[in-house]
Amino acid sequence: MRSKPRLFRRLLVANRGEIAVRVIRACRDLGIETVAVFSDADRCAMHVHFADVAVRIGPAPATESYLVIDRIMDAARQTGAEAIHPGYGFLAENAEFAARCEKAGLVFVGPPPAAIAKMGDKVTAREVMKNAGVPVVPGSEGVLQEEKEVLAVAQALGYPVVLKASAGGGGKGMRLVADPGEIKSALRAVRSEAKTAFGDDRIYLEKFVVGPRHVEFQILADRHGHTIHLFERECSVQRRHQKVIEESPSPALDAKMRAEMGAVAVKAAASVGYVGAGTIEFLVGADRSFYFLEMNTRIQVEHPLTELVTGVDLVKAQIEIAAGFPLALRQDQITQVGHAIECRVYAEDPVSFFPSPGKIEELQVPGGTGIRNDSGVYQGAEVPVHYDPMISKFLAWGRNRDEALARMARGLAEYRVRGVATNLPFHRWVLSHPRFRSGQYDTNFVSEEYHGLEGATADGGGELAQVAAIAAALAAWGRRKQGSETARGQRQADASRWRDQARREAVRE
Amino acid sequence: MGTKAVSYVTLIGGRRSVVELQQKGPSLFSVWVDGVERRVDSVEIAPGSFSLLVDDRPFVAEVCGDAEGYTVDVGGTRVIVQLTDASARSTDEVAAATAAGPTAIRAMMPGRVVALLANPGESVKKGAGILVVEAMKMENEVTAPAAGKIVEIRVEPGQTVETGQVLAVIE
Amino acid sequence: MRSKPRLFRRLLVANRGEIAVRVIRACRDLGIETVAVFSDADRCAMHVHFADVAVRIGPAPATESYLVIDRIMDAARQTGAEAIHPGYGFLAENAEFAARCEKAGLVFVGPPPAAIAKMGDKVTAREVMKNAGVPVVPGSEGVLQEEKEVLAVAQALGYPVVLKASAGGGGKGMRLVADPGEIKSALRAVRSEAKTAFGDDRIYLEKFVVGPRHVEFQILADRHGHTIHLFERECSVQRRHQKVIEESPSPALDAKMRAEMGAVAVKAAASVGYVGAGTIEFLVGADRSFYFLEMNTRIQVEHPLTELVTGVDLVKAQIEIAAGFPLALRQDQITQVGHAIECRVYAEDPVSFFPSPGKIEELQVPGGTGIRNDSGVYQGAEVPVHYDPMISKFLAWGRNRDEALARMARGLAEYRVRGVATNLPFHRWVLSHPRFRSGQYDTNFVSEEYHGLEGATADGGGELAQVAAIAAALAAWGRRKQGSETARGQRQADASRWRDQARREAVRE
Amino acid sequence: MGTKAVSYVTLIGGRRSVVELQQKGPSLFSVWVDGVERRVDSVEIAPGSFSLLVDDRPFVAEVCGDAEGYTVDVGGTRVIVQLTDASARSTDEVAAATAAGPTAIRAMMPGRVVALLANPGESVKKGAGILVVEAMKMENEVTAPAAGKIVEIRVEPGQTVETGQVLAVIE
């Protein structure tokens, strides 16, 4: 591995949708051939069309295709891939998968299996970070067993507290507990959820940080001992712990705090021997205190924000690092220029947030100054019911936050999708909300402020309602006109048949 | 190229309007919404997709649905329009239909019925709650668009409903 | 005008296609309402759909719509517009139009009429620049009259020389003359062309610069005496004097030359009291000498290149300047970051370059890292026969030229248009050509190197030809299958008719 | 699900191939191109738009045209394919058709005929110039795809031609 590094000839992308397309694009730029894998639901997906080689790996359910390590390994062997990029989700943070790749002589584009395992276990991660001098949210020392023990620790921390699964992450396997009376049911719920989802029901306790913001730092580390950070992303616009809009820089940080947190992020990554692209997530309290929350050992959905403000292609960097190249840039060469915002556009109802799978009948993607769109679908493509219904990550960059906000609002107004419902109206709502516009929001923003969109046209008196009424009337008019022409034809046919019949009957008499 | 006016009654979010159309040119219409004239230029650029100029203001409206329940996407907003052809009737009949005809109350979004607040046969005031539909974590009260009598309630608590599905009928 | 500046409430865009959309987007970002004007051919064009108000200004031919000053003025009056943005082409460099706007109390988003007039007359422009100490291409002192006079000046300059119309520009009204024998016919041709196109047959002579590159500097000047430049654009990939691919920075300049030319450009603009966005075009000889060529007193097609490398929104700046605001940035705040390339995607045959108007049946626009697309059409839209058949300006940005080249090549490979022919294959050819890739090209590049695309699949033996054969066979097979089902139905119908006939005939016997 | 093989003769840029198809599954085909087998998975994602996996290599091919002259856009390149259904005939007949049938020579691009280089009835060698078409500033010689006799020349100097238009017929 210490010989002169060279890029891979062929790389397999063990993912689908926009992130598979993203990785394929980076490979194209590097001159690396790509292998796409696909389930039956994705035979005609965009990532299949964009790859150099495409291999079927099973039926539609992810548990029978994208999550089956053996099938991915077979596809890699069969196509002569030298490396595997896992994207995010599916097998991206699966230490066993990373180890299996290594064993098969394939380069896993990501950190060593040990780093994945350490950071995947939240209790271990807290322990490692505390030992490295990284601030963590006050909480239990390690895993808790008995209800009595939980009650005692909660009492000591002070309510409210958060009960979390050690194997959890990404908002899954956690419950807010407001008083001792809720401990019993929370314990049962988290344990059973964790057992089902992760096969591991160990739990721990953390103090609840009031009015928290979610701020994360992007890091890059090579195999030669260099670790740098590429500044932060603000991810506090969340719905049920799922990020929906992110931005960079964070409106919550000043230069001093940014430098401090960046240094901590580098220290955190270095402390686990991290290699590749990773993210250190922090909770930032209303009092501007910050705590290590977790580390994501993969490329993040929202990574393009960092690409827009730093100019660094993170997926290219991941691949170059995996191939053994040293980092191309030093810390002092990384600068944050301008401001970027990302909206995750999903095929889902903007009020109920129910997924809205189906065929994309029409897709008109905005363009122009400062716009970036990372899509995994095309007009005519299907959004399958089996996976995350993302249509695209839609981004705007500006010289400052105001310019980025204006461009994003403009882009959202231009974005048109037909055939499936989308959360675009939700994004437009956020972009027009004073709390978001001011930058003074925390992770409670959506739950506190969003009550559906009924205000917009409920009374039918607004201009858009009038235009809708006119459009419906024109459509009905058009059909009636067409209908009456068809009906006239029909009537004539009926009439002539009737005449024939009449004639025949006349003959009989 | 003037033709005979055609007239419709539309219902949007509980508000009724009378929409009258008269074709003035190949793509030009005079449209009266509750008696107020609007100059409309309309070109169907794709099936169900209308490029409109309403008093010189451009809109692209995507219309889909059947003759009684249209979903119109316009200006980034989805509007559900119930529409009745009123041109065959006299003005008095239209007024009567508008005032007293039975009206379907439809679901504005997919969700689950969690409670019924009124019973068939009951007389309700405008704005009175008829039932509650939950969409994920939010409960939405479905209210009477006008005073009247509930003729029918077509759903039960616990039932999931689709956008546009008839929940109740009021007269 | 010297009162506290405020932005316009409503602005009319006196143009169509992508530049109209570009201006509307800038207005959106600034919170200014927009008025689109349209000819009958553009009733459903993108710029109409994007505007707040849209007004018909006449039949399809530009001479009856977009070029009719009275119609534009009427539309502005009727809609209460406070300002008019002319875009590029049409009335953008028409001094009379600018004067008419002023007279009607409308703000013309562009320079004062006098500056337009001075720079529009090439002989005057040369004179002004020479007096300001700006280097111009050696040539005649002012306008030439007699053939004898032309011959004498040409002799003094040394052949080859270029005979140009004083009112010309943009590649029109000029002839290369290699020896004295060609003077007579060149004189007749240029005079008659100039008379027809510009109503002005004055001519002058310039020495022909061998192996020239076309490098232009973007400038911005406000109403308060500040003029800055925003670096250069390289525009040497031309076909018959029309730019097709541009890039920034220019591979031909070093830092010293760039600083020198930038200073000259600022001096040139200031010398005519310039206000707004403008472009100083230079010819750069193989010996790295540079000469003033002409000044374009409008926003340039290729302005997004400058936006990508400097981060400055030039159209926003134009509008702010027109509203009386001082420049937001000083010269020392303008930096050139990374590298950008632009391909002009046209609906035209990639070999004959004949326009290919028609309906865009399918449009799949590339996305991802470093991609910008400025389009004037949507899927389902018509490319009218009456105007420039541009589909979009397609741009890629990278940290350096190699990264930008890779991203552009990738984007061109993804770009799909159905329904009209496009010059995308030509762009792909340029991007793969060693002379372009090396950066060592001049304005003769296309004419010397491009001989159509016949190499690609002519012998039918390549993989793409095989795939095409397979696809055609599958299509024929599908039709045959469908056909045979229809035919079977038909045969049955025929058979039963035949039986009826047979029966009837049997009865007769 | 194996079906009877169907066979076609294709002509691309003067080169003939025999393409045989056999359906193996709902979207799966064995395709022999001049006897070499290729595994092809084919899904028509939109009318005339085929998502292909040819030996696991993905292509999107846009096919348009009639049974005899197809325009196929694939991999950013436009390929003109002339195609003859050969499955009804015997192998010998196919060979004969391939070798000796009259072949239409079509314009590869729009342009203007500037010169004829051969006359009807004349025998020409493979690669011999038949006529010259100018597209803007470039002159393109149209050559014989194989040795044969010129049956017909369908254009005249000065005439403008469209892509796919028959210029001459050679036998």
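For the reader, a short list of remarks on this structure follows.
Note that the chains take the letters A, B, C and D in the order they are written out, and that residue 1 is the start of every chain.
The rule is simple: a residue touches a chain if its C-beta (ideal position, glycine included) is under 8 Å from a C-beta of that chain, and two chains touch if they have at least 3 such contacts.
These figures come from a predicted structure and were not determined experimentally.
Think of each touching pair as a link: the shortest run of links from chain A to chain D has 1 of them.
Averaging Cα atoms per chain gives one point for each, and the point farthest from that of chain A is the centre of D. The interface with the greater count of contacting C-beta pairs, when C-D is set against B-C, is C-D. Centre-to-centre separation of chain A and chain B, using mean CA positions: 36 Å. Rounded to whole angstrom, the centroid-to-centroid distance between chain B and chain C, based on C-alpha atoms, equals 47 Å.
Chain centres here are Cα means. That of chain B falls 55 Å from that of chain D. Multi-chain contact residues, meaning those touching two or more other chains, occur in chain D at positions 46, 49, 60.
Each of residues 50, 362, 413 in chain A touches at least two other chains.
Interface residues of chain A facing chain C in the complex, by the touch rule stated above, are 21-22, 25-26, 28-31, 50, 304, 307, 311-313, 315, 337-338, 362, 364-365, 367-375, 378-379, 392, 399, 403, 406-407, 409-410, 413-414. By the touch criterion stated above, chain B contacts chain A in their complex at residues 6, 8, 10-15, 17, 19, 21, 29, 31, 33, 38, 40, 42, 44, 46, 48-50, 52, 54, 59-63, 67, 70, 72-79, 81, 83, 85, 108-111, 135-138, 140, 163. Listing the residues of chain C that touch chain D in their complex gives 240, 349, 351-354, 362, 412-413, 416, 418, 421, 424-425, 428, 451-454, 456-461, 464-480.
Considering their complex, residues 27, 41, 43, 45-46, 49, 51, 53, 56-58, 60 of chain D touch chain A.
Remark: chain A residues 36, 43-44, 48-55, 79, 380-381 touch chain D in the complex.
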